[in-house]
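So the structure is just underneath, and the comments pick up after that.
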Amino acid sequence: MILHGGLRFKKVLTGSWRFLLLVASWELLVVYLDEIRGFEFIGLPIPLVTTVGIAVSLYLGFKNTSCFARWWQARTIWGQIVNSSRDWGNAVANLMPSDSMTVDPDIKTRLIERHIAWVNALAFQLRVQNPRHARQQKWMFGLRRLENRKDLHQTPESYRTHLSDADAALLDTKTNAASYLLFRQGQELQSLADQGKIDAYRHVAMMDRLARFYDAQGSCERIKNAPFPRQVADIGKLFTWIFIFMLPLAFVNLYTIPVDLEGWERWAFAGYTLSMIPFCLLICWVFYLTEQVSASLEDPFNGDATDVPISTISRMIEIDLRQTMEMDNVPDPLPPVEDVAY
Amino acid sequence: MILHGGLRFKKVLTGSWRFLLLVASWELLVVYLDEIRGFEFIGLPIPLVTTVGIAVSLYLGFKNTSCFARWWQARTIWGQIVNSSRDWGNAVANLMPSDSMTVDPDIKTRLIERHIAWVNALAFQLRVQNPRHARQQKWMFGLRRLENRKDLHQTPESYRTHLSDADAALLDTKTNAASYLLFRQGQELQSLADQGKIDAYRHVAMMDRLARFYDAQGSCERIKNAPFPRQVADIGKLFTWIFIFMLPLAFVNLYTIPVDLEGWERWAFAGYTLSMIPFCLLICWVFYLTEQVSASLEDPFNGDATDVPISTISRMIEIDLRQTMEMDNVPDPLPPVEDVAY
Amino acid sequence: MILHGGLRFKKVLTGSWRFLLLVASWELLVVYLDEIRGFEFIGLPIPLVTTVGIAVSLYLGFKNTSCFARWWQARTIWGQIVNSSRDWGNAVANLMPSDSMTVDPDIKTRLIERHIAWVNALAFQLRVQNPRHARQQKWMFGLRRLENRKDLHQTPESYRTHLSDADAALLDTKTNAASYLLFRQGQELQSLADQGKIDAYRHVAMMDRLARFYDAQGSCERIKNAPFPRQVADIGKLFTWIFIFMLPLAFVNLYTIPVDLEGWERWAFAGYTLSMIPFCLLICWVFYLTEQVSASLEDPFNGDATDVPISTISRMIEIDLRQTMEMDNVPDPLPPVEDVAY
Amino acid sequence: MILHGGLRFKKVLTGSWRFLLLVASWELLVVYLDEIRGFEFIGLPIPLVTTVGIAVSLYLGFKNTSCFARWWQARTIWGQIVNSSRDWGNAVANLMPSDSMTVDPDIKTRLIERHIAWVNALAFQLRVQNPRHARQQKWMFGLRRLENRKDLHQTPESYRTHLSDADAALLDTKTNAASYLLFRQGQELQSLADQGKIDAYRHVAMMDRLARFYDAQGSCERIKNAPFPRQVADIGKLFTWIFIFMLPLAFVNLYTIPVDLEGWERWAFAGYTLSMIPFCLLICWVFYLTEQVSASLEDPFNGDATDVPISTISRMIEIDLRQTMEMDNVPDPLPPVEDVAY
Amino acid sequence: MILHGGLRFKKVLTGSWRFLLLVASWELLVVYLDEIRGFEFIGLPIPLVTTVGIAVSLYLGFKNTSCFARWWQARTIWGQIVNSSRDWGNAVANLMPSDSMTVDPDIKTRLIERHIAWVNALAFQLRVQNPRHARQQKWMFGLRRLENRKDLHQTPESYRTHLSDADAALLDTKTNAASYLLFRQGQELQSLADQGKIDAYRHVAMMDRLARFYDAQGSCERIKNAPFPRQVADIGKLFTWIFIFMLPLAFVNLYTIPVDLEGWERWAFAGYTLSMIPFCLLICWVFYLTEQVSASLEDPFNGDATDVPISTISRMIEIDLRQTMEMDNVPDPLPPVEDVAY
């Protein structure tokens, strides 16, 4: 997630250099064909290109709205994980031991530690690179993707360090480590209930809290595993390129070289036409960036600069829980890198 | 659901060949009538066609937004089935036996197996072809529909194999197998409550979990049985075709053959006009594809390449439950076919 | 609700004949005034009419989105009535009798039968014609409104047949039969609780289920009794007609009869102008249909071809409950009429 | 809330007379300056005015959507008050007395009467005129605002008549009468619980129902006290006027008086230009009405013709509760005034 | 939050003086270059600028809709804090002491006082200035930002004054004071439960109410800590400036100075061109203001004139709770400053 001031005009511009070069070449070719070689039939009437421009803008508007909703939903789920984690701390500390029954403080600590492990396991699983489910882009608005950073949940150690040996051993045979950790929490609660340390009423209340974590995890996995419908995304990209392909053809249509010009005069006139290129490039860039914005919102758990900063949030949850429960080893917050929180 | 990389430009293009041929023919006819036969009155002023183009784009934008919401809702419900299924496993294992009462492990296994059967029965019922409720298209963006694949919930065996004989026999007289399986779960719980093996409080908590499955099932059926309002969908299609019909008439209006041209000169000029056809085709294609995108999102349980991959999800739920409950017969995940998950 | 294939182009076209005739007459008048009588000042510049066209399209887009949300909400509520009804059956059968207390099977049957009566009473109340709250249209996209169909909840018998005599007598003094039936369910439950046949916990759980039915009923009544804001709807219609009124004035502006034409030459030229009429008609039709689509979604409980098929759903609920509870008299599903479910 | 047929074209038109007069004057001035005085530099190129028109339309579309959501939310909350009120009646009658404990019928009646008082107190508080929080308009689409109507919750008597003397006395020192009435309900329940007439479980269930009323009240107050963001609303109005200011300048740009015309010829030509005024007026009216529609949806509790009919709904709740509980003094429904429900 | 009448045209205009000056200078430069120096190649065809204008408008429409949703969500959460606070008062007073157990009135007062402290601590934490998370603007639509106002939650005293000494001491080691206060409430409840003063059932009900406050706090922090995606916001700003940069280039394209004009005649003609500047400025202003509106909705907890008035709401909650609980020291409402509530 880019913080205020993290997106700089210069970076965005230099981040688009491949695009700008490509389009400039196409525009030069069009000017050459139309003005020098006289293939005037490639010119397109402006109003039609305008109509396509509006149709494409509307489509990109639809795509942007949908992608933004997706990103915001991802962020909201992690917000809810924060809320529910605090509530979990509160419930473990203040709801469970009651009446004359006493719950062993060690068990309480275990329930909190395992919860921290779950948060980190979930973050790790969401960060695993799956080319089937997400785009792989090294650059995003001129911001480079961070590689080889353990603290960004790029390795299994991010959650294994929080696990007891017993739990760690159990996880080896399970496909989904995070969801199994929640099941382990359920087993812990059941054993307390079986020993009569929590009553039926509190048992159900705690299990309902676990159900909320299952919901949060599943909602994240849904966003991770169900890519934004490819037909919506890829066809939006196709439309953007169709517009960019057509625009120079409409531009050259405005300039007709007088038929009696020859030789260097013809070239001079074409040079005059070249003045359109920067503006044409600018308009194409507007459409290209619009498409890029929606692409950047598409896969919010990919670890890119524009994605939901789940590593930062995971760390924040850990700090919060450890401080509240008066536990040791409170870590530092994860600092942003070049105005980007990961 | 198409995975990243599953939608290829070439396929999309070749998948539109009928459309492109049809529109190209219409354009040729228009050029012939206007330029050769001189029926100039068929020409349309461009600004009006532009206005229609924008009006149609706006309508398609509305249709796309609504269809996308429908698709995403379908996907969300199945996401919730995943979450609630995990929670069901957790509750059956860790919520039910408590205090001094013990629930027979066989009953627990039966509650899980029947749940897996329910998931598969629901997937099967959603995949049943009903021409009244969904379009039947063999191709979708150049991707062919898979036929005769048992593992894609196209036959009743997809859920019957998960049923005990007793349950299977009961289902014969019921219209809706899936909802009856949930009722059977309720009966199992009641019998436990009657034997005093679960207390009132846990009984209600388990029944509330069943209510959530009724909700999920009913929400899927609502999407399946209530087609996207036909007046919205079909009139959007009609508008697209009206625009495609009008566009060439606006294009030819730009070229007026000098009245004194005769014979082959006239044909030569018309040939010049032909250069417009590829561009006109491209613009029509943009509108056609926009309409196709919304059509592809309309019926998310139809088993098409663009639909919600309920077979893949059902299998995933089964794997998850069996692994967590330490049950045998953990199946393999369902592999995607040509970058499409079903 | 129109099923797939239920909306045919020919019907839509013939269903618009009044509109098309009216607009064609207006266009003829405009051509006559402008071309023959020479009142050229009525011509309008095209770009301004284009702007109005886009402004009107945007307004209709807003209206369409809002009306569609309303329709879909109506459909969703009835989907929830289906889900909650199944859950009600499950709860009556499997939640109520527990421990050592036994609930009389007759009471269970009564709770189910009265529920079926409630569903039908609600459907009847929503179908009652109230000219204050809904438009009265005999035709909708060329589909005729069905009259005098008892099975479509057009008479009170639709729910009275499901009532016991005792309940029927009580309803006479109540304005809202459906909500009173839910109150009767509450009384039945209370009497069970008073007799100690259900414990406090289950009593509250059952009452919460009744609260959900109150919610569903109230949500339907809200949609029925609060018409879509008339200022939004009627002004959208007004705008559509303003655009349709202006469009021909922009069209004739394109053709200027040379001032030196007289007599039959003038008429001949005007004849040439007439070729614009079909296209102008087509554009007007696009706007008219857009407005019609939103009008068709506005009042989803009116019993029109495009409305929510509450009779079909009520019947389906009855079948489902009777089959599940092994009751007699399972009725047949309500068949669609001419590809329309009511 | 305007009922079907309550918005008549004639009224809307006459309700706009000030606007139409103002704009017509501006247009006359523009024609005079441009055509007679020859200040041609005030003319504006049409495409730019078109662009502004579309930008303004888009902004108004955004504003309309947001305002409509606000209005519909207000309506939905009152729909939920209806549902929860019925449920409250059901709970008071059928949930509270159970097992061997008996609740005094007088207390039950008091709980219902006080609830009716709460509904009316809330309606009164929402109708109190606060110039800081809502616009004050005497006319709305040609419909006059009703003044001095006690039954429309314009005086405190609207709820004081429903209060017992004890409650009435307590309210004098409280700022928020409605929320204090809910607190009084809580006190009544607590006293029942203290006397052992309702068990803990039912006590919590009843308190949860009160929490829902707190939610409904707070949601209404949020809409009342947080005006629609003024920057969004007022700048939308500003934009509409900017467009209306510019449009005639674009229109006159179409007509250039030949420079050699002098004296009366010049006036004659200007007269010809005047024919544009009605059309220009019509286009301005479309934008003005669009803005009016959103303004009419902005403050849904203001007591205007277009607002949520909370008096009618309050009366309906009272009728419903009294009939269901077999209480006396069932009032008549509140009749609409000139096809408007208040 | 600006109240009705708080946004005045004059202020908005003078608040834009920097912008207007800048754009006017650019326009003058363009006129000079194009008309006097004859660099005509900088002129841009109007239809293309129109297309960019529409594309930018659509993008800003998307941005406005998303920002408004964010603002409204922030306002809704604080509305829910109001509702839940009243419910908390009701629950503390009327739900907790029951049957034969009595809760000490001092503890009840403490639970209310600490709640008031929590509300103020949350408001303070949301108001803390963090340049990474929010823009810093001194002016907003001509309204100056208020500085050094303790009662606007700009210093920690805003909540410390509501705390007991014991609680205040505990907070020193915690990063998040507000969430720790909720934990303290949980500890208070647990101690009551341990002493047998509240039963398990009421304990869970009270803890669920705390969970709702965790949710509200977390939702506010999510909006505060996750800035509106910078790529969406900053690129929208960039697009606005691209349009503003291009518009004058399209305007000058309309005027071509006859080549044979020289010297002062040339200057005179250029003077004529200057008449376009005010209109061009007006159009640019429309786009600039549209962007400003979305910027003003972006960070709703920043303490600006347009933000959610959390200080006013906090005070209102305090008044409400103190009056209802018959506590002393009821403060006055926070008056608006220059028609703005903070």
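Chains here go by letter, A, B, C, D and E, matching the order in which they are written, and residues are numbered from 1 within each.
The definition used in the following text is that contacts are C-beta pairs under 8 Å (C-beta built on N, C-alpha and C of every residue); 3 or more make two chains touch, one makes a residue touch a chain.
Everything numeric in this text was worked out from a predicted model, so none of it was measured.
Q: Taking a step as a move to a touching chain, how many steps at least join chain A to chain D?
A: 2
Q: Would you kindly tell me how far, in whole Å, the mean C-alpha position of chain C lies from that of chain B?
A: About 24 Å separates the centre of chain B from that of chain C.
Q: Take the average of all CA coordinates in chain B, do the same for chain E, and state the distance between these two points in whole angstrom.
A: The answer is 40 Å.
Q: Mind pulling the chain E residues that touch 2 or more other chains?
A: Only 47, 50, 54, 58, 61, 65, 201 qualify.
Q: Follow the ring of contacts from chain C in the direction of chain D and write out the chains one by one.
A: So, from chain C then chain D onward, the ring reads C, D, E, A, B.
Q: Under the definition above, what is the set of chain E residues touching chain A in their complex?
A: It comes out as residues 41-42, 44-45, 47-48, 50-52, 54-56, 58-59, 61-62, 65-66, 131-135, 173-176, 179-180, 182-183, 186-187, 189-190, 193-194, 196, 200-201, 203-204, 207-208, 210-211, 214-215, 217-219, 221-222, 226-227, 229-232, 234-235, 238-239, 242, 246, 249.
Q: In the complex formed with chain E, which residues of chain A make contact?
A: 1-7, 9, 12, 46-47, 49-50, 53-54, 57-58, 60-61, 64-65, 68, 71-72, 75-76, 79-80, 82-84, 86-87, 89-91, 93-95, 97-99, 141, 199, 201-202, 205, 247, 250-251, 254, 272, 275, 279, 282-283, 286-287, 289-290, 292-293, 296-297, 306, 308-309, 319-320, 323-324, 336, 339
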